[in-house]
Each structure stands twice: as C-alpha cells, then as structure tokens.
Amino acid sequence: MSKVVTFGEIMLRLSTERHLRFSQSKSFALTFGGGEFNVAVSLANFGVPSEVVTCLPQNEIGETALMEIRKRNVSSANVQMVKNSRIGIYFLETGAGTRSSNVLYDRAHSAMANVTSGTFNWREILKDAKWFHWSGITPAISDNAAKECLEAVKVASELGITISTDLNYRSKLWKYGKEPHEVMPELLQYSNIILGDIDTAYFMLGENQINPNYQNLNLLPSLYDKVFKMCPNLKTMATTLRYSVSASHQRIGGILYDGKSIYDADIKEVTPVVDRVGSGDAFMAGLIYGLLSDDISYQKSINMAVASCCLKHTIYGDYNLVSLKDIERFINSDSHGKVSR
Amino acid sequence: MSKVVTFGEIMLRLSTERHLRFSQSKSFALTFGGGEFNVAVSLANFGVPSEVVTCLPQNEIGETALMEIRKRNVSSANVQMVKNSRIGIYFLETGAGTRSSNVLYDRAHSAMANVTSGTFNWREILKDAKWFHWSGITPAISDNAAKECLEAVKVASELGITISTDLNYRSKLWKYGKEPHEVMPELLQYSNIILGDIDTAYFMLGENQINPNYQNLNLLPSLYDKVFKMCPNLKTMATTLRYSVSASHQRIGGILYDGKSIYDADIKEVTPVVDRVGSGDAFMAGLIYGLLSDDISYQKSINMAVASCCLKHTIYGDYNLVSLKDIERFINSDSHGKVSR
Amino acid sequence: MSKVVTFGEIMLRLSTERHLRFSQSKSFALTFGGGEFNVAVSLANFGVPSEVVTCLPQNEIGETALMEIRKRNVSSANVQMVKNSRIGIYFLETGAGTRSSNVLYDRAHSAMANVTSGTFNWREILKDAKWFHWSGITPAISDNAAKECLEAVKVASELGITISTDLNYRSKLWKYGKEPHEVMPELLQYSNIILGDIDTAYFMLGENQINPNYQNLNLLPSLYDKVFKMCPNLKTMATTLRYSVSASHQRIGGILYDGKSIYDADIKEVTPVVDRVGSGDAFMAGLIYGLLSDDISYQKSINMAVASCCLKHTIYGDYNLVSLKDIERFINSDSHGKVSR
Amino acid sequence: MSKVVTFGEIMLRLSTERHLRFSQSKSFALTFGGGEFNVAVSLANFGVPSEVVTCLPQNEIGETALMEIRKRNVSSANVQMVKNSRIGIYFLETGAGTRSSNVLYDRAHSAMANVTSGTFNWREILKDAKWFHWSGITPAISDNAAKECLEAVKVASELGITISTDLNYRSKLWKYGKEPHEVMPELLQYSNIILGDIDTAYFMLGENQINPNYQNLNLLPSLYDKVFKMCPNLKTMATTLRYSVSASHQRIGGILYDGKSIYDADIKEVTPVVDRVGSGDAFMAGLIYGLLSDDISYQKSINMAVASCCLKHTIYGDYNLVSLKDIERFINSDSHGKVSR
Amino acid sequence: MSKVVTFGEIMLRLSTERHLRFSQSKSFALTFGGGEFNVAVSLANFGVPSEVVTCLPQNEIGETALMEIRKRNVSSANVQMVKNSRIGIYFLETGAGTRSSNVLYDRAHSAMANVTSGTFNWREILKDAKWFHWSGITPAISDNAAKECLEAVKVASELGITISTDLNYRSKLWKYGKEPHEVMPELLQYSNIILGDIDTAYFMLGENQINPNYQNLNLLPSLYDKVFKMCPNLKTMATTLRYSVSASHQRIGGILYDGKSIYDADIKEVTPVVDRVGSGDAFMAGLIYGLLSDDISYQKSINMAVASCCLKHTIYGDYNLVSLKDIERFINSDSHGKVSR
Amino acid sequence: MSKVVTFGEIMLRLSTERHLRFSQSKSFALTFGGGEFNVAVSLANFGVPSEVVTCLPQNEIGETALMEIRKRNVSSANVQMVKNSRIGIYFLETGAGTRSSNVLYDRAHSAMANVTSGTFNWREILKDAKWFHWSGITPAISDNAAKECLEAVKVASELGITISTDLNYRSKLWKYGKEPHEVMPELLQYSNIILGDIDTAYFMLGENQINPNYQNLNLLPSLYDKVFKMCPNLKTMATTLRYSVSASHQRIGGILYDGKSIYDADIKEVTPVVDRVGSGDAFMAGLIYGLLSDDISYQKSINMAVASCCLKHTIYGDYNLVSLKDIERFINSDSHGKVSR
C-alpha cells in the first residue's frame, strides 16, 4: 500500500481542563491537531503509510509539533520549518451537557496561513503517493493557503492520484476577503471523494441552500447528484450524520453514495464524549481506509467511518488513537465496554 | 438598572477532586461560594450591577474571598473584614451516579455567624438599590445572623425595595436553638418574591406538612395561596422542580405563580452534572433577572430560571458563569452541545 | 462477629488518568488492589473484622501496600514480606463509552506467584475465623498459588469454617500450563458459597458449555443444580447479572439460588462509571455480609450484593468504600444523588 | 521495648502548592499533623511501638485522620471520636527563599480544644507505657486541654513513666486567657526531659528573659541549671540550634545537657527545604529514641536528634518518614545524596 | 495619595511547569503579565490606588485578563476591549540552575500592538493621576504603540504629572523597522525618573556604548550625568544590579542617583528563584512607592526597591504579591524564612 | 556523519513526584530511559544520526516506548518487539538535600534480559555505522544480554567501527550468578573508548582495588595505563568527577587520558538538581560527540562532556534535551541563568 499524503495546518491546541470555563482556568492542556493531520494519524494507526505536508514555525513550539508528528508515525519529510513565524493556535473550552464547547481561533499570520507559492515541490512530494487528502479548512485560512492547495490538487490530479476532500466548513474562518463559493468550486473539480453535508456542499458550490432530510434515503440520490454534476471527477460522496443531544451525548451515523446507490450505517449512541474535536476527521480516515482497500465494500467502508468516528469521541485530543482491531470489535459487537483482562 | 444587593455568608469550599471520597483525597479544590453571593455573581454575569453584603475574616483567606468577589464584578463596597475571626468552611465530597454528594459544614463561629448588630448601615447600603435578596440560610446560621437579616429586610421594606427570598432549607443548619417556624414567618412578611417548594414554605411558616403533586397544575394555586395569605407582601412564588435520577443526572423544571395563574417551564434533562451545588441559586438569579426587567413576561422569567439552573450544572464551582446569550441559546435551541467554531 | 479471612494477591495498580490511552499518559495513578483484598476492605467498611493473607515483596512498594491494608482497617497480621521479590503489577487503561478499559498484567514472578508451601500456618491463621474467602484468580496465577490455596481450603474445611469462592475467570491468566478444569474442581469441592456465571462454573468444572438465559428464572434451578451436584458442600450460588451498555454505562442485577429457590434482585442502571474494576468483589462482599448475618434473608442478601456492586462503580480504585448506611440508602431509595446537606 | 504514648491535637493541614501564595491557589494539599502525633509517627518508623491519644470529630474528616494514624502504624486504641465536633485546621502558605512560610490557625472549638475532664482513662492508657510525651502546644490550645494534660502528666508520674516535653511556644496560640507562665510551671514539674530554647524555658517558667549565646558552650550549664532547679524531675534538657538563612536554607545543630555536661552536635546545612514543619518534632523523636535505648550515649542521642531533624526537612508533610537506617547513614556519611542503585 | 497610571500591554503567559522543556510539556500554566501592569499590581498591594491603561481583545481570553486586573485591585476603567483582535502571548520555558529560562514571544498583531491613535483620551484618563509610568517595552512593540506612548507622555507632562520609565530593553522586540535610538530619545525627554542600566540608557539615547563598573561608586555620577544631560526633566535615575549566578540563584542590589549623590543598597542573595520574571517591575514599584512618599528618603527608596525585587523572585507569576509589611520585614531582618506561627 | 548505534535496555521509569516518598505517592510520573538509549537521544539532539538496538515487549507499554524513541529522532529500525514479554521497570524515589534518591529495580525477566542469541543481525545493523556504544549495564542484566553484547562487540570490531563503553557499575544488578570480573574483561578487549572511574575499571577487570586521588593529576597516567594495558584497543579513557554535596547539589568535572596526556575540565557547581539520573549518559554523549568530530580537540571534548553532564541535571527525565548551542553557551559563559528574551 503506497502512502497517503494530507495537506493542512497543524495548530497548537490549548484546552481548558475538567470542563472549566476560560475564566476559571489556571492551566491549559497542550496538544496539537488539525483536520488533515488528524486524518494522517488515524491512517498511520490503521497501518497505512501516511504523511502530512505543512508549514511550522522554526522555534521550540514548532519543533514540539514536529516531534508529535514523528511520534505518531506520520512522515514529516516535507514539513517546512519557517523562520520568524508563528504557529496557529486554537483555544478550546470544553463543554459538558447542555453547554457547548467553544473554539477561539488565533491562527492568523501563522506559518501555514502565510505559505508562499513554491514552498512545496508537489511533484516530488506526491510521486510515491496513492492518495491525496485536503479539507475545506485549508482554503479558509488565507488566500495563500487556498492557492497552494489548488496547486497541490492540480499536481495530484495530473499524477492520477485519488483526491479526497472533507468540506469542513468553519464559520469563524473565511475572514480573508473571499467567500467559499468563490474558491471551493475550482478546488472541488478535482475531488474523487467528498465528505460533507449536502447543504454544505451546495453552499460551497454556490447552489441554493436546502435542508435535506437524511431519514428519507430515497430522496437523497437526487440531492447528491447535483454535487456529482458540479464535480466531474467525483466518485463517492459521504455524509456524517450527527445528532447532538448534548455536548456529552451524540448520535452518529453515516451515508455513502456512489452515484448509484445509497449505503447507510446505523446510528450509534455516543456518550459520554471525552473529546468531540476531530471526530469528523476520524470518520474521514475510516472512509479513506475502506475506499483504499480493494476488498472492502462501500457498506463496510461507511460502517468503518462511523465506527472510527464513534470511537474518536472517547479519545482525548484531536486525533484518533485506535487500531483496526478496535474498529472491527466496535462493528462486530452489540455490547461495548467490557473490560479486557 | 440600579443595583441588586444580596446578604449572606461566603464560605470557603473545599471539595474532593475527580469523585474521590474524603478518605482517598490528597488535595481539596478551593473555591468560594454561598447562596446569596452566588445569586449576585450570576446577575453580574447577566449585566446587572450587583453587590454582596457579608462579613469575612481579616486574614489571608478572607482577602482571597474578597478578590474573588472583585474578580466576578460584584461590589464589595460594604463587605466587613473582621479581625480575629474565621471563615465558614464547607467540605464537599462530589458524588457520581447513585452515590450522592456529601456536604460537611464547618461554619460555626464564622465572621458571619458572629455578626453583631449595627455592623451594617442598611439605610446607606440600600439607598441606591432596587432589589434586596436573602435566603433561608442566613437566619439558619445563628441568632445574630437572623437578627441582622431582619434588620436589613425591614429597612429594605421601608425604602420600597423589592425583596426576594430563596427558602433554602438545610437540615444540617438551624443548630443554634431555634426552629425555622420561630424565625421565618416574621422575615417572610416582607418578601415580595419567594422561591421554594410548597412543603418547605409550609414547614417554615409552621403549617401542616403536605406532599404536593407538581404534575397536577390545577391543584397548585390553592396550595400556593396559603403562602400568599401568610406573606402579605408576596407577589410571585416560584418552585424549582428537581427530579434526581442520580448525582449525575437531574431533571429540572420550574413553576411560577403570581397569585392568579400558574406558569410552568418544561422539564429539561441535565446530564452529566459537572457541579450541582448552586444550581438553585442560578435558578433564583434567572428568575430575578426576568422579574427585574419590564419587558420580560412571567413565562419567559420562569424559562430563564430553568435555563440558568440547567446550565449551572455544567459549571464547576458554586456560582453560575454563563451570559444572557448562553441563556437565550439554551431556551431557543432543541439541540445542545454543538461546538462553536 | 468473628473474622473473615481472605487469601489472594495484592497488586500495584497503575492506571491512566482522565481516560487517556497508554501512549498519551505522562503519569499513572497508583493504587493497590486484588479480588480477595477488595472483599476484605469492603467487609471492614461494613464493620466486619477482616484479614487478608498474602505475600508482598520486602521493599518500599510492598511496605506501601502494607500501609494501605492497615489504613483500610484490614488485619495484616499474617502477611508475608518476601525478600528479593517483586509485587504483581497491572496496568489499567480506563475506557469510556464504547471504548473498553484494558488491563495489562505484569504479575508473573511476583511474591504471591512464587509462594512456597509452608509459608502460611493455616491452622493458626484460621483458628479465630468464621469465614474463608478465595477466588479463581489465586489458582490462575501459578501452580504454587493453586497448591497453597488448596492447602488453605482443606484446613478451613476441617475447621468447619464457611468457605466462599468467586469464580473470577481471567482469560489473560492461567498461563502456567494448567487449565481451570484441571485445578478448580478439587478446590470447589470445599466451597459453601460460589459466586459466578453458570457457564463459567461449567467451564471450570469441565462441563459442556451453555449460554444460560438469566431472564428465564424458571429454567435456572436445573442449571444451577448441576453445579450443586459437582460441589457437594455448596449451599448457595449467586450470579452477578451485568449488561455492559458501554464502559460508562452498566446494568447490574443479581440472582441467588439456595438449592431450592431463586432470589433475584432488580436490574439497576449504573451510569456514569467512575471505576468498574472491583465491582464484582463488592458484589461478593455484599453477599458475604448478608449470608454472615443470621437476621438477613436471602432476598436481602442478594439485594445488598447488587447495591454494593452498583455503588462500587462510583468509587475510584479497586475496592469499595461505602458503609452499610450507604447500602441501606441505596436499597430503600427510588431517587439517587440528592446532596446531603 | 514497651510503648511510647503521646498526647496532643491532630490537625487537618491545608497547604498551598508549589510555593503559591494563598490568593493564587486553586487547591490545597491535604495532610494531617500535630506536634505530638508527629513524634509518634517518627518513633513508629524507628520501630518503637507508639500511640497517640487525642480527640477527633466523628465525621468523615475525623475518620480520614484516623486512617492516617493506622497507616503510619501508630496505635489509635484510645482516640476519642467526638460527635458534632470539628477538627482543628491550619492553613500553610509555603514560603521560599527570603519569603517565610505562614501558618494560619483555625483550631478554636476543635474536638481537642473542647476536651472534657474524664474523657481519657489515663491510668488504663498508660499502664503498658514506658514513656509519655506532651508538648507546650497542648496547654496552649484551651484551658480544657491544659487541664487534661496536667491530669495525664500526674498519672504518668505516679506510674513512674518517663515524661518528655517539647516546649514548642506558638505566639498565635495561648488565646484563651492564660499566659504560659501561669500554666507551664506546674506541668513542667513532672518532666524528665525537656526540649526547648533556654529563653523559651525561662519565659514559660516566668523567669527574666535572656538571650543565650549557644556558641559559648562553657556558659550554657549555668543557664540550663536554672531550669533544672525549677523542674525537680528534670534529667536532661536539649535545645535545637536553628539558624534560618532563608525559608529554603536552614542550619541545624543541637545541644544536650544532663545536669553535668554539655553534648553538642555539629551544625548541618539543610538546603533545599522541602517542608520545614515538624522538623522540631523529628528532633524530639530522635532524642527520645536515643534516650529510650540503654546502649545509646548522650552524644549519639543528640546526633540522632539532629540527623532526624535534618532529614525531616526533605520530607513533605508534618511528620518524618525516615528509618533508623536513614539516620545512621546520615550520621556516618560526609557526602549526601548519592543515588542508591 | 492620588492614583498611579501605567500604560502597557498585558500578555497571556503560558509557561512550562516543574522546569520541563517545551518538548516535554503536556500543559501550560496560564497567567497574565506585562511590565507596566506588574508595576500597577505591586503598587496596589502596597495600598497605592493604581490603574492600568491597555487594549485587550474582546473575547473570552481578554475578559479573563480583565478579571485578573479587577481581582488584583487595579482599575480597569480605561481598558479598551477590541473586537476581532488577539492578545499578545509569551511562552516561558522555566530554566533551573545553569539552564536559562527562555521566552518565546507571540505578540505581533495584538490588540495593543495595533492600538490606533485616539483610542485613549489621555487628558481624561490622567486628570486625577499623580504619576504616570511607562516602559521601553511599549514603544518596542509597534510603531502605533510608540506613537500612543508619546501622546500619553506629552499629556502627562502638560498636566505636571510625575513620569517614570523603565528602559526594559528586549532584544527579541523592536522588529517593526525602527531602532531604539530613533524612538526613545524623544520619549525620554519627559521622564522624571528612569530605571535602567547606564549602558542601556546610552544605547537607547544613541550614545557610544560603555561597560560601567558598578562597584566603583565614585565613577558613576559622571556616567549618569550624561543621561541627565540628554533628559532635561530627569530628577533621579536608578539601576538594578543583578548578578546571575544561575537561573536559580541571583544576587540583587540597586543604585539611585539624584544628580548629586549616589545611594546604594546592599547586594542580597536570592536563592532559590521561584519566578524571576517581573522582578525588575517589582524593583520599579518599590522605587515608585518610595519616591511617591514625602517621608521616605532616597536611601530607603532604593532599599525598598531591592527588597521588592528580591521578594518577587519567591512569587510565582509576573507580578509581585507582597505587602509593605513584607518589605519592611525584609529590610529589617538579618535572618529570613522563619515560619510565622 | 554516519550513524552511532547503541545497544541496551529501555526501561519504564516510574518516579515519585515533588520529592514524595513512596508511601506518600498517589501517582508516578512515567518516562522511559536506559543508559545507552539516553546516549542515543543526546546525540540525536546534537544532530548526530543515532539508533538504539533493544528488545521491547509487544504490548501497549512497549509501543509507547517505541513512540518515545521515534519522537526523540532516534532510529528504531532494529528494535525487536517481543510477544508475551514485559518491559523492565525501575521505580525512582526522588531525593532532596541530604536524602538520597532511591532506585528500585523490577527488571528481571524483561524482553531485554531474555534476549536470545540471533535476535539481532549485527552485521546488517552495523553496516552503516561509524560508532558502537554499550555500557556495563547490559552485561549486568542477564547472561543472555551479556552474550548478545559480546556478539555485537565482536562484529563491530571486525567492521572497524569505533567502540565506546561506559562502565556503569550498578550494585543492585549482577544478580544472575556472574561477577563483573568474569564477564567484563572479554568485552572490554574491544573497547576504544572507556568512560569510568579508575577503581571501577580495576574492579571490573579483576585488579586490586585502589582509591585514586583525582586531584593529583600527575599520578593519574600510571593508574590509567594499567587499564590501557589490559584493554589492547583502548585509545582514550575518561572519568567523570562527581562530588555529591547533597542530592540537590553536585560538583562535576572530568578527566580524559589518551595514553599520553591528561586533559581535565574545571569543576562546575550544579544546584539545584532537577534530575540527576542519566547525567553520566549525558557526559558520555558529550564525549562521543567530541571524539567523533575531527575538528574537536581532546580538551574541548572533555569540556563538552562536562557541560552536557551539568546541563542534564537541569532536565527532567533520563535523557538530556539540550542542543549543541546550549553546550557552547555553557562552555563560553561565566554567568548562567539569564533569561533569553
């Protein structure tokens, strides 16, 4: 299995502890994360050679991020360490029950937001790759990042590499003067797999907004088809179904459409939530793993995506730390949580 | 909006961490709290100028409590720092699931319990106030505190200030030789708003005990009316409905009666419980906020009280740290816990 | 009430904190535990004089374990401190929700596994005892431990002491070359009370495996009878009913059979789970307490076992730290979790 | 060796962590301690059977203190658990360098301060004892405690038990209306061993104050002799020499006088200081151990006292946790701090 | 005593714990600080009414900083909360022994760096002030901050308010295109009190660099006189003498020159160092306190500055938390670190 | 620069926190370390490609160790993951001042102790290596480990690779039935560089014990020469000079002898000690770095070794985390501990 390359920002995450509010906190827990890096870590844990391409500041914080990449067995061969730069930061206030978690971004002017054209030699980077993954966060950071993403996608497309995209809309980003619909359609032309809500896809593609009923599976194909029409290289589109009972209780399901049929995975109860951040990336990683493997069906792929997403909610930090064995056990068991001893 | 003044003890709270029992603990988390102070903090967070009147010992612990008052934007202009005194303490063993939390009071001989007549110049303190709030904990501490409370209530009444009371019965207090029914009736004469269970009100007023069925709304007016009869200045009485499924799962609703009609708020599921202490005070603060505002209806007021109470359960410590925006979001949303990002 | 003696290994438990996975942990919480010791602590908390017989290494870790025994009011009069030895260790990764907890044993070559014949003078140790308790973990550790257990059981039997056994099957043990059915039948000959699943009992006794339906109470006597037949001294057998909804949510019930009638306790919801380890031992202790007491019925005994087991899930660490009063409150209350203040 | 009995209060100690000031602290580290208990723990660690006689409140905090007594192998056979009482508390702000530690007492009205005559059956308690130890803190707490101390001392004297006293003057105590010189002379009549500064002894005995120069050994006997004259049963008096370079650096020596000769131990450098509290009690315990043993000379006794005191500064909490082997190693070595491996 | 106003940035400080390096850290301790704010807090602790003027982002982190200002009794009446902005951050790796602490700034684009002309109405802000304090950090942040500082200084000068300046050179700042000597001379025209090394003053004023020997007091006046010549309003200049034996051991003294005479304070040993950051600001605050008070001599003023600086090293965080009483005790005592009890 | 390969055990280190004794600890800090791995990490931090060869158990603890190797940029290409095995553990009680740290080994039966012949293909592993490093700990673990070490050394010798050895005598090891002098002479035949005390070398080589005076440099060559005679391939021998003032204060120097001349580095004061463990390995790494580099003199090499050793004492954990820049700064500076900002 040749490598999966992901491209995106790795941030320093500073989160409050034990559900404290910001004004109560005397310390922040320190981790690193970012949508595309999270996917790479998940895949590495599944045994897939993976790499993250990103920019980090050449200082002690950037070097610590680099160590985390190495620790998690993701290749950092093409990570750029940028002088006189800063790392993007996000502050996370962890909610509970009826109080939502709150993310405060402080990522402007980061090494990744200021990426300059030519920083990455994509042809070289992607020459051994089988798959390239990016998400809608990268073009939302800055004009520069959006341009570099387009460059990467074009090269990947030329090289015949499978391209997957997680739409990942963040209302607190897209602050650099462009709207998603001005940027995303061109980028999504090249995508073979898209993960996202139908309404998010429409929004990013500049279509009229709808409010799809995911319970009614029969109506979904026609809604997905519109995306397929606008994205000529699209092969499969998947959607994470998430019902947020509370910050501590989620219901997770998933749908995959291959242009012909709908495959849906059962809704699973997820409670309590140890850490909800990155659970969409875990879904993406489960999906990529399934689609990467010749012997895994679409149905199994969407099941794996849901399993990976559910398990992520039990893992502290941005990225999933579960094995394929954990995924299989989840899928095959009706009862969870027996102590293994 | 002129200020709300509350009168009551602020205690040092020493709680076990991570659900440990006392005998397992190597440290106590340190916070401050007290029913009336908690109400003041909540109101300050809602943007209402608020003040707490209390006695604290003039030592490093008392000064730390004073800093917390200031930090939370509550006026400490009339806090008395008492020499050679002690702060009231309560030890809290935080329960979980079917194991209840346990409060151990060590508040005898505190600066507040030993308050002496004339300590506070109530006419001066209340001259700019619109609202005075006290709870049934103050007269339960000591004879002195009960007398000072009566003094305050009389002055407030003379000045035409709205007076609210949270009945707040604590079986582990009232140890100084008087029963509630010997003290409370006189105090409650002056109350315009009472928060409490009907049976608690009857108990404190010396009436025969009943066991009201709050599901049967039609029967409630006649039960409340008896309280109205005994408390001539009463305008509204409210009751928090609390069903304790477990220490980690509560169901919260509320009822408000204005002498004519019943207004009830829907029962909400509260799980998990980060910290249950002070959730009644949060209810009181939501109620006061609604009743203070000319443009907020009784129905909205009781809804706000329930919302404030529910959200408090997700906040560590004695007092609520939520904004009006958080309250509104809670009231207007069916789904809770989406990450804000 | 004369003393209860238990025999088994006390391990150092090293557990990850705040649901972290091993690879995320920078520290381990340190406690001690072991099935039979856990039973002794529970009983001591119920006011029953109890003692644990075990081997510990004569080093600082062994001495710390010894202090924990003393702290918990369990007699350590016959604990053997062994030179140049090690303590058994188990690493615990605490799960959450759909992710199971994971136990990693590192207990080979421990002081207890290497126990040599004659280490304990059982006739002396048991002379004041009324009850002897052992579990299926002890003979699973090593051949030596199995032999010493047999020695103890024989002496207890001769002395007319009641013998209870928790079958406690651990698939990660029994690594020393013998299968349970080669060892357990002889040991179980002497048991008067057995706690365990019916299928585990059959497995250990070398019977054909079955999958009993515990919902169908009518069918159970005949299944239990087979065990009674093979264990001639058996008076009562009990089974913990555990449905694992998730690592954070368990449903607990219990069944007791006295050779004539079935006594079953209602299923209780247990959520969240603070610590699931040792909840079976808490069940055992509740059961022993009931059966020890002349004035406690079988029905009450199984109710106490379930109550003890449920409450244990709210207690951090291996052993239960609840009082008889806590057990009574649990049994008599429909609503849990009210703050005691 | 028969047992040593000590009599005094055990307090809950709540200390700030990592040198924080009170106003910075979010938690307190929780331990227990008290001068006479500290001596008992030290002696137990040296292998001497020891017991503490005290009153504790019959609540969860009192029970936790009781567990600590048991854990540390000190007999709690005669500890009184008092209903509706409180434990004495002291808050400790741990200094560093040029900033002193600060103790804030909150021990009025404690179970021990309110001890009533007849609580303890001294004749029974002391019947197996060889040694009775009390300190000047006990009569400083309250009139009741002073009276009970006198009762104990009289019985001990009648029974011919050796009586040792640590003068332990605390300026923040003695608040109940009596001065030391009104209480201590009668108590000290019975003492066989006194530990304390010469000026403190004079002060407590109502003598004119002096400022002794401990460097000039020749002048000391005449100063000590005055104490011997006033305390007819005195056999040896010892003084801890403490030079406080900073809160983190102390110099410790000691002097012993037997009515004839001066024995002095070399000054030792103690830096850094992990915890200075209880180091005087550690000195006392070292001294008692030496004087208890027939084969230990006065010179060795004072050396052991100094060694015990120095090592205590490296131990967190109120009481010393070192063995006789640690003491010997300290005395015999010029170089400290080599890793043992 | 009318108020002291300080102007400068308040940063979020994120520091590693227990001397860990960045790459070992799983959490950051969270505090706030900034040179001029630190001075205001120190003065408030000395009982001087003080205020900080600054810009903070209008988000949860900015509001938490605001609460810290209030908690520490510093007026925040003129703090500007800026939308869509960020707080300046500095990461602190706390050294030990021969390993230096390391500061990593991430303060570009902060609310304060982007301050715009007219943000503050200085005439209004300073109308009740007696003293205005700024440091060389403010003009080092950005061109905007330098301009606002000049505006403030001009108004203060017009209003006849005493102006003090701490030169505070930071090599990692001054990155916006101007050198100190291009900006500082104009600003320093207005200063009445300057704190700084002589060589730093020369450097900032564009003079040739020298390497003064502070041991030779006789030579100092002529060196200081040059600064007095270039700063026509200068009345006193002071210098902190700091000898860094190691990150854990500093030697601190101070010199004050009033244009006529040299006043020097003895060198003090400072070890261990709990937190060295902000010790210069503590020096400044001690100096301001002395110079503010009519009855405090120059000699006493420089002694207070040194005492304040020394004590700060024992306090965690950026600002000093000691009282005047602590300062007096330091000055008057030869021995430090006795426990107060 | 081609790679340095080290061979040795990596242990799980469980250390008490904040200088607590074992019996006070509720948690252990978790790190990994081992003499030869520590050297590899140090070298990697200096920019030298390095690799560790070892056996780890194939379980979650072993995998976590593997992640630490990767994080620290040391090659794990030849690490063997062994099924049904355990990791060696050492418990560390961290001393302070006059109380020594205490190491408790629990490493028998570890994956490394049980290494079997043929596990490692040394010819393949070493083919790209320039340097091979082992220490006296490896042959002290078990007969198997000693044999595998000999195999490695022979191959390295054949391939003409430089071989360095740290004698590292541990009295608590060597428990498998052989004495050092039975094993070490053969192994040391191949060493080109030896680090160790002269008396340790004599002891391991079976020579009569001496007590060298390292102050007298003139006498040292003849003492070293004896080792050179017995180790025919020896080119340089170095000795760490360590004077242990206390557990918190060490004095460190070093001596290097090349068969002709003595090169000695000045004694440095090291206080406080954050973590003393692994400081010898840091010395070794500094020495190797110097000797590896053609342009670094013997004098500079021993200076670097001492600098590396001193700085290690300020770093928590087993291995040094400093850069070449840190080393250079240490060597070139008289004053330490200035904040870099």
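To keep things simple, chains are lettered A, B, C, D, E and F as they appear, and every chain counts its residues starting from 1.
Methods note: a residue touches a chain if its C-beta (ideal position, glycine included) is under 8 Å from a C-beta of that chain, and two chains touch if they have at least 3 such contacts.
A quick map from chain label to UniProt name: A, B, C, D, E, F = 2-dehydro-3-deoxygluconokinase.
Here the structure is a predicted model, which is why all the values come from computation and not from measurement.
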From the options C-F, A-F or C-D, the pair that copies A-E, where over half of the contact pairs coincide: C-F
Copy pair chain D, chain E: interface residue numbering same or different (half cut): different
Between chain E and chain F, centroid-to-centroid distance (C-alpha), Å: 45
Distance from chain F to chain B - Cα centre to Cα centre, in angstrom: 63
Shared-contact residues (touching 2 or more other chains) in chain E: 21, 23, 26, 67, 102, 272
Residues of chain F defined as touching chain A within the complex: 67-68, 70-73
Contact set on chain F toward chain E in their complex: 268-274, 310-311, 313-317, 321-322, 326, 330, 335-341
Contact footprint of chain B on chain D as seen in their complex: 14, 17, 21-23, 25-31, 59-61, 63-64, 67, 86, 89, 91, 93, 102, 104, 106, 108-109
Touching residues on chain C, where the partner in the complex is chain A: 18-21, 23-24, 95-103, 105, 170-172, 243-250, 272-273, 276-277
